[in-house]
Amino acid sequence: MALVMNSENERLQHQRRFSGDLIGITAIVAIGAIGYFVFPDNLALLTRMITIALLVLSLDLVTGYCGVATLGHAALFGSGAYAAGILSAHYGINDPLLMMLAGIAAGAIAGLLSGAIILRAHGLPQLVLSIALIHLFHEFANKASSWTGGSDGLSGIAPDPIFGLFEFDLYGQTAFFFGMTLLLVVFVLLRFLVRSPFGMLCRGIRQDPLRIRAMGGSPMAALIRMYVISGAVAGVGGALNAISTQVVGLDSLSFTQSAEALVMLVLGGTGSLFGALSGTVIFMLFEDYVSAANPFHWLTMVGALLIAVVLFAPKGLFGTAAAFVRRRKEARA
Amino acid sequence: MNPVFEVSNLRKAFGGLAVTNDVSLAMAPGDRVALIGPNGAGKTTFVNLVTGNLSPDSGEVRLGGEAVTKIDAVGRVKRGLVRSFQVTRLFQDMTPAEHVGLAVLQRDGKAKRAFGNFLAMSDVMTEVDELLGKLGLASLMHRRVSEIAYGQQRLLEIAVALALKPKVLLLDEPAAGVPQSDTGRIEQALADLPGDLAVLMIEHDMDLVFRFAKRVIVLAAGAIIFDGLPADVTRDARVREAYLGSYANASHIA
Amino acid sequence: MQTVFSIAVDALAYGMVLFVISIGLSVTMGLMRVVNLAHGAFAMIGGYIASYAARDLGLGYAAAVIAAVVATIIIAIPLERFLYRRIYGAPELTQVLMTIGITFCVIGIANYAMGPTLKTIPLAGALQGSADLGFRTIPVHRLFVILCGLAVALALWFAIERTSFGVKLRASVDDAAMAAALGVRTEIIYAVSFAVAVGLAAFGGVVGAELLPVEPYYALRYMVTFLVVVSVGGAGSIPGALIACLLLGAIDTTGRYLMPEFGEFFFYLAVIAIICVFPRGLAGRVK
């Protein structure tokens, strides 16, 4: 009897999660559509939002799901951007899908490298490693200017039409739809990932790595693997950035970019894909508004926002809202 | 019967102080052994040496005939040496189903699968249902651990260990911190442990030791001073001295 | 030979500046277990205030130094009271976010109030020029900085090892709950240590302004440098911090002299190598 009830229970839960997927996809499409009709002249902003959303999703994998605090995650994003850009600017390979592949590969390699270094320490030394690492990547890209264009940025990126059909137009229509497609694909794949046995293993590692070892699991191997996956996701974002803006700047490999990604993640709420997405959208709308109104105070505003989130919404906006809804439901049930 | 678990001449010293001093013991499948000893006897160090969290200065640990002294903690778990923790170490925001599911997946080498939800894997779920059902946790299987009672968490700790299908199980004070009203459930769970499993229980509660163990080992100052039947332990002069010191003439072990 | 000597003097001076600024961070991290990324921002505030006092108000160097230390502490007190106290004992990520938020705010405000340019602090006459050591001459300012570093190290050693405050401080570092149970008012210890740490940071920011120029991104530029001192030296360890500072000072200065193009690159590489070799710091204390 108990067994029957359990499988029933489990099927219900399964269904609920599946409908959660549908709601998520619908929400992303709806917000994309609203953006498309509200900001028809500013599709570049929307596309940039998508690229940064990919970076923040990638960061969520290691920080939210695995508990690794890092201030150097832009290293993975920037590597993807430079790989895609260099492929086009130096080798004349302009197929956007090949550029995307190069970005994914470079992001994954940078993820492997970052993971191998950052995971060697814990706590403060880990944080210091991540900061030193992003500075190292930045300095390297700065000095290798014959490849990266140094502080002038890498230009001369000229992606061909996608499948030879959809040309990257001046208004950014193609880039926007390309980005939306990528985001949806990545989102669905990550939903699978975080609910898979591997996702569960990573959540366990975040809470108690020693317990995982006592279960015969190897936290280090799992975390490195997650770092590689995270690098591939950040690489998608980086490559999309290179393809859509057709330049790659040193700022894509900067400490500030890493810190901002962390701010967006925390603003939305760690450990949830929706948190990562909502944090990015809110932060970037805010950025767009504030930096247009008063560029001088941009950094001050980010700082104040961060302090406010820590003090008043430590679970992030999405996390706080979700907890509120759950409490309401439980109160009614 | 061939021993499934064997420790021979294990030694470990911290800066000249011998914390584990020439310890040897062997266990066969189905053995129920209790390891007791006064505070500071070196029980924790012994457990850490056996599980591979510490490496010994000399001596050997064998599992199913294979020397595992050079193998790390994770490798020993994979070879069937599993422990539970004295203070529950569970994942607070995960459910009992997820705990046991993760253990089953880990045991079968499937925990690295990046696709599919274990709730939909019928082979895993059958095992999860069965194990949690046996321990009376079926109705809680989808609650978060932080929402269930401590006694139930202790049962879950045992369930996680069993899900790994161990050959040798080290139980570190399985009833510690559990309210009196719940100890019955835990003792029942201990009585229901698989018959071919070798169990080494570290315990302070002598009532539990006498009900559970067929054999008692007493550790004092890092060395085994008694290894024999529970009925004989209270009569052993050395044990009395280790526990009671100069009050060795008292009639009971407190 | 001349080059080796000037590298050595500069490295020593640079290391001492790092020490004066970071030692407060080290002590507060050991004590309150707060990952304070905003520590460099206090050094920067000190530099700005000294520059303002010396150049715009016409104060002398010594007066400017004192004004900077006092004013920075006054600015820091409400921050400790209303922001830092909320994150004692919080998860690391929370502490990182709060303190990086404070850093961003300080940078933004400094940029707005003082402009993006470098700010100099005119030295006192006695500190300009060179001193003749008989076989070599060295800039007096470097000598002054080195002496400041030694003085701070000695004073701290005395305060921690030989005073009743130091006893309470060490007890609180070892076990705050136990210290509180023994009647130590830990919140007062925390507040005083925080103020001393901030004051030292400001002092280091001012006397080190020749080596670490004061500009709005100071707080970000040297963030990793100060943090690495603590993570390499071990939180709360004065000898550890001193060794770490001298080591990092040597690496950074040598790199800048010999390979000005790649100086920073090798500095970060060295930081990563050191932490990978000593993930628990040079002192190697296991937590």
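Order as written gives the chain letters A, B and C; numbering starts at 1 within each chain.
Assume contacts are C-beta pairs under 8 Å (C-beta built on N, C-alpha and C of every residue); 3 or more make two chains touch, one makes a residue touch a chain.
Heads up on the chains, UniProt names are A, C = Branched-chain amino acid ABC transporter permease; B = ABC transporter ATP-binding protein.
Computed from a prediction, not measured in an experiment: that's the story for all the values here.
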item: Label of the chain whose CA centroid is most distant from the centroid of chain B; value: C
item: Distance-to-centre winner among chains (Cα means, whole assembly as reference); value: A
item: Whole-Å gap separating chain B and chain C, where each centre is the average of the chain's CA atoms; value: 49
item: Where chain A and chain B are represented by their mean Cα positions, the distance between them in whole Å; value: 42
item: Chain A-chain C separation of Cα centroids, rounded to whole Å; value: 34
item: Chain B-touching residues of chain A, taken from the complex the two chains share; value: 2-3, 5-7, 9-10, 13-14, 17, 192-193, 195-201, 203-204, 207-208, 210-211, 213-218, 222, 225, 229
item: Residue ranges of chain A in contact with chain C within the complex; value: 63, 69, 71, 117, 120-125, 127-129, 131-133, 135-136, 139-140, 143, 255-256, 259, 262-263, 266, 270, 296-307, 309-311, 314
item: Residue ranges of chain B touching chain A (in the complex, touch as defined); value: 51, 73-74, 77-78, 82-83, 85, 89-94, 97-98, 101-103, 105-107, 110-120, 125, 129-130, 133, 138-139, 141-142, 160, 164
item: Residues of chain C touching chain A in the complex; value: 29, 35, 83, 86-87, 92-94, 96-98, 100-109, 111-112, 220, 223-224, 227-228, 230-231, 235, 261-262, 264-265, 268-269, 271-272, 275-276, 279-281, 287
